[in-house]
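Next up, some structures in structure tokens.
Shared between the two complexes below is chain A, which has chain B as its partner in the first and chain C in the second.
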Partner chain A sequence: MAKRTVIPFGPQHPVLPEPVHLDLVLEDETVVEAIPSIGYIHRGLEKLVEKREWPEMVSVIERICGICSFGHGMGYCLSIEGNMGIQIPERAEYLRLIWHELGRVHSHLLWLGLLADSFGFESLYMHTWKLRETVLDLFERTTGGRVIFSVCKVGGLRRDVDADTLALMERKLTELVPEIEELAKVFIEDSSVGSRLKGVGVLTAEEAAALGAVGPVARGSGLRMDVRLEEKDRLYVDLGFEPCVETAGDSHARCVVRIRELFQSIELIKAAIQRIPDGEVSVPVKGNPEREYIARVEQPRGEAYYYSKGAGEKFLKRIRVRTPTNANIPAMVKTLAGAQLADVPILILTIDPCISCTER
Partner chain B sequence: MAYVTKSPWVIHYDGSSCNGCDIEVLACLTPMYDVERFGIINSGNPKHADVLLITGSVNEQNKPVVQQIYDEMLQPKVVVAIGACACTGGVFRECYNIIGGADQAIPVDVYVPGCAARPESIIDGVVKGLAVLAEKREKVAKGETVTEGEQAE
Partner chain C sequence: MTGQTEKNQNITTLGADGLLGFVQERKIEGWRLGVMIANLADENVEVIYVFEKGNNLSNVRVVLPAEDPGIPSITFLYGYAFVYENEIHDLFGVVFEGLQLDFGGNYFVTAEKTPWNPLLARVSPEALQSDDEMGDETGSDTGQVSEKAEEGGEG
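The block that comes next holds the complex of A and B.
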């Protein structure tokens, strides 16, 4: 047997801006086992429900993660709205969909950039992030924030978007499509990119299902699962939503899923802008949550759920959030075993880990 | 400061942030804001870096890591705390696992407010940090000891 070496990876490391620690057990250049240890960004924000009234908690929950912050705020609001039996106006539902999908576009572009960086293609990384700024500009124009938005509230939204701005959004996104296509070609067809991604970190459909993978990781392994589909969300059904599924199960497939979702999200936003009805964007809310409720949201990284338990008071009894990275870590550990040391950054990245989400 | 005479390298570490400020730090390095044109490069090696950009508040698990990175950096060095979290603990201040802003672990020279801090203000903070760095460099050249963390914004 070859001699075993343990290489500590992180917490400060070059792959992600976030600290994560892995003990990589190596035999020569091959990883035989990866042992994650976490806790570097645990804040304990769920416990803040005891100090913040439930309408204020939205801004705390939003700050679970700055990349999918809109989805977190929305998931919390959905959970409380379900708890109290509130129906929000249709216009607010449409705007939430638009922002949520816009968040997916920004998140996937961000991820593509980091992926390019991880295999050493610096200019591709810079280009992807340049395109991402267009999306952030749209966010800033409509919500006032670039990464933290604070537009969702229980009962609807804090602000409306006028027709001119929606038209501008549609125009900007239409202009963005050919630019993304150009980049997508590099990610999907370039042979040197392919040699870093194809066949690397294969996860079969059975493994993905057994390990409970979610989101693009599961869809890249051929599982047709997506909360937007399973919850039978009326808007998504009306818009003819069908999840993007690839079957190869390797890093390349996961990359292709995300690229297809970029275009899909842009189409969904444009279709939603066409159909959005006029009207109010929020309803008055009275009383306090009294029951338990779970809401699910398909975040850019996969399924997230939001549990709330009220007792008819201003303070909730419990908030529990389960985020997609949590579900995908077993899949990551699985793909790391047997990989070459040089591929480790790519394998960590292809589950699109979000440590802030996981540790809260 | 009229122009930048040196190429300061930065290192970024996330105390326990929400990611919002981290991606804004990265946004500064990418084409839209592009601080690289001023010679500012993001380095992963503490010994190469002049400026530590720290985002997020600090927790017990992370505190020794932050301190170690700081200690490894060579004098003269400057710490810029980015975002409400790094300044005071921000929205998470009352969380049980948070001991406070970055200055609970290491001396901070410049505080950049905002939640999330905007790229413009991050760049502004780094530029302010460069002035501090220049002062410290002179002191080091004269062989004086450098007192840390006295500039606050």
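The block that comes next holds the complex of A and C.
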């Protein structure tokens, strides 16, 4: 047996935008075992329910993450709305879908850029993030924010979007499609990219299921799972939603799933813009949450849970958010075992880790 | 964003001794573990297990005394439960017996021990102390790895 060496990876590393630590046990260049440590930035945001009234908590929950912030705010609102039996107006449902899918486009473009950066393809990285700017501009135009949007509230939305702005969004997204196609061609077909991704970090469907993987990680391994499908969301059903699934289970498959979801999300947004009805975007909310409620949302990185527990008071008893990165850590550890040391940054990235989400 | 179904909100309450049987059934029937949630309720800690299968959730609650919360680990059935069990241990002080991949209280770095279960900290500082010692011996992940690496090196 070759001599084993332990290499500490992180919490500060060029490929990691956020702190996570791995002890990599190596035999020569091969990773035999990887043991994760997190907890460097645990913020205890959930505990703020003791000091913030439940309508204010949406602002706290949104700040769990700077990438999928809209989804977090929406998930919290869904949980409280379910808790209180509130039905929001249909126009608000459509606008939530539009912003949520726009968040997915933002997240996946950001991730593709980071992936390109991780294998040293700087121009691809910069071009990807240039396209992401278009999405951020659309967020700014429609919500006023580029990172934290503050448009979701319990009972609907804080602001509407006029027809001209929705038409502008549709036009900008239509213009974005050929540019993403150009990028996609490089990620999917370029031989140098393929040599870093194909066959690397293979996770079979059985392994993904056994390890509780979610989101593009699970779908890249052939699992047809997506909360948008499982919750039989009426809007998504009407729009003919079907999850993007790849079967190879390697890093390339996880990349392809996200690229296909970029196009899918844009199509969903455009279809929603065509169908959005007129009307109010919020309903009055009276009373306080009195029971427990569990809501699920398909975030860009995968399934997220939002549990709320009220007692008829202005302060909730508990809010619990389970984010997709939390669920994907065991899958990441599995893909690292047997990998080459040089592939470790890519394998960490292919689960699209968000440590802010994980540590809340 | 409709579709969060009412039928998924029922949470059955079980005694700690009935937990493993319930979880084993879920495992055999092909349910995924969605999340584990801990709450402090009066003088108790509640641990809620949420299992999912497609559009269905199956939820169970186990109520434990906050001053001495202990429960069997389900990691031998659902290995990935270690992320939830370590978190609940660090924040609420719940001891999961038989926890595989135990971080020994070092999963989350918190300024105070079991910050979400003040009853445990108030009543049983000795228990926390012994927990610390256990963490020093076995819980340090770096320590675990170093040990394994040394074994490998010798082999």
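Just so it is clear, the second predicted complex is superposed on the first by the 360 of 360 C-alpha atoms of A that agree within 3 Å, B and C clash if a C-alpha of one lies under 4 Å from a C-alpha of the other, contacts with A are read in each partner's own complex, and residues count from 1 in each chain.
What we mean here is this: a contact is a pair of C-beta atoms (placed from the backbone, for glycine too) under 8 Å apart; a residue touches a chain by one contact, two chains touch by 3 or more.
What you see is a predicted model, and the numbers here were worked out from it, not measured in a lab.
Using the contact criterion defined above for the overlaid structures, shared-chain residue A:Ala327 touches chain C, although it does not reach chain B. In the superposition on chain A, A:Val60 contacts chain B only, with no contact to chain C. Looking at the superposed arrangement, the partner reaching more residues of chain A, out of chain B and chain C, is C. In the superposed model, A:Gly82 makes contact with chain C only, not with chain B. By the document's definition of touching, of the two partners only chain B reaches A:Gln12; chain C does not. In the superposition on chain A, A:Tyr40 contacts both chain B and chain C.
For the contact definition in use here, the residues of chain A common to its chain B contact set and its chain C contact set are 39-40, 42, 44, 47, 359. Chain A contributes residues 1, 3-6, 8, 23, 25, 27, 32-33, 35-40, 42, 44, 47, 74, 78, 82, 93, 96-97, 100, 209-212, 230-235, 291-297, 303, 305, 307, 309, 317-318, 320, 322, 326-327, 329-330, 359 to its touches with chain C in the complex.
Residues of chain C that touch chain A in their complex: 1-5, 8-9, 11, 32-35, 37, 39, 41, 48, 50, 52, 54-55, 57, 59, 78-80, 82-84, 90, 101, 103, 106-110, 115-116, 141-142, 144-146, 148-153, 155. Those residues of chain A lying in contact with chain B across their complex are 11-14, 17-19, 39-45, 47-48, 51, 59-60, 63-67, 69, 110, 113, 125-127, 129-130, 133, 136, 145-148, 354, 356, 359.
If you check the complex, the residues on chain B that touch chain A are 12-27, 30-32, 44, 56-57, 59, 61-62, 65, 69, 91-92, 94-98, 115-116, 118.
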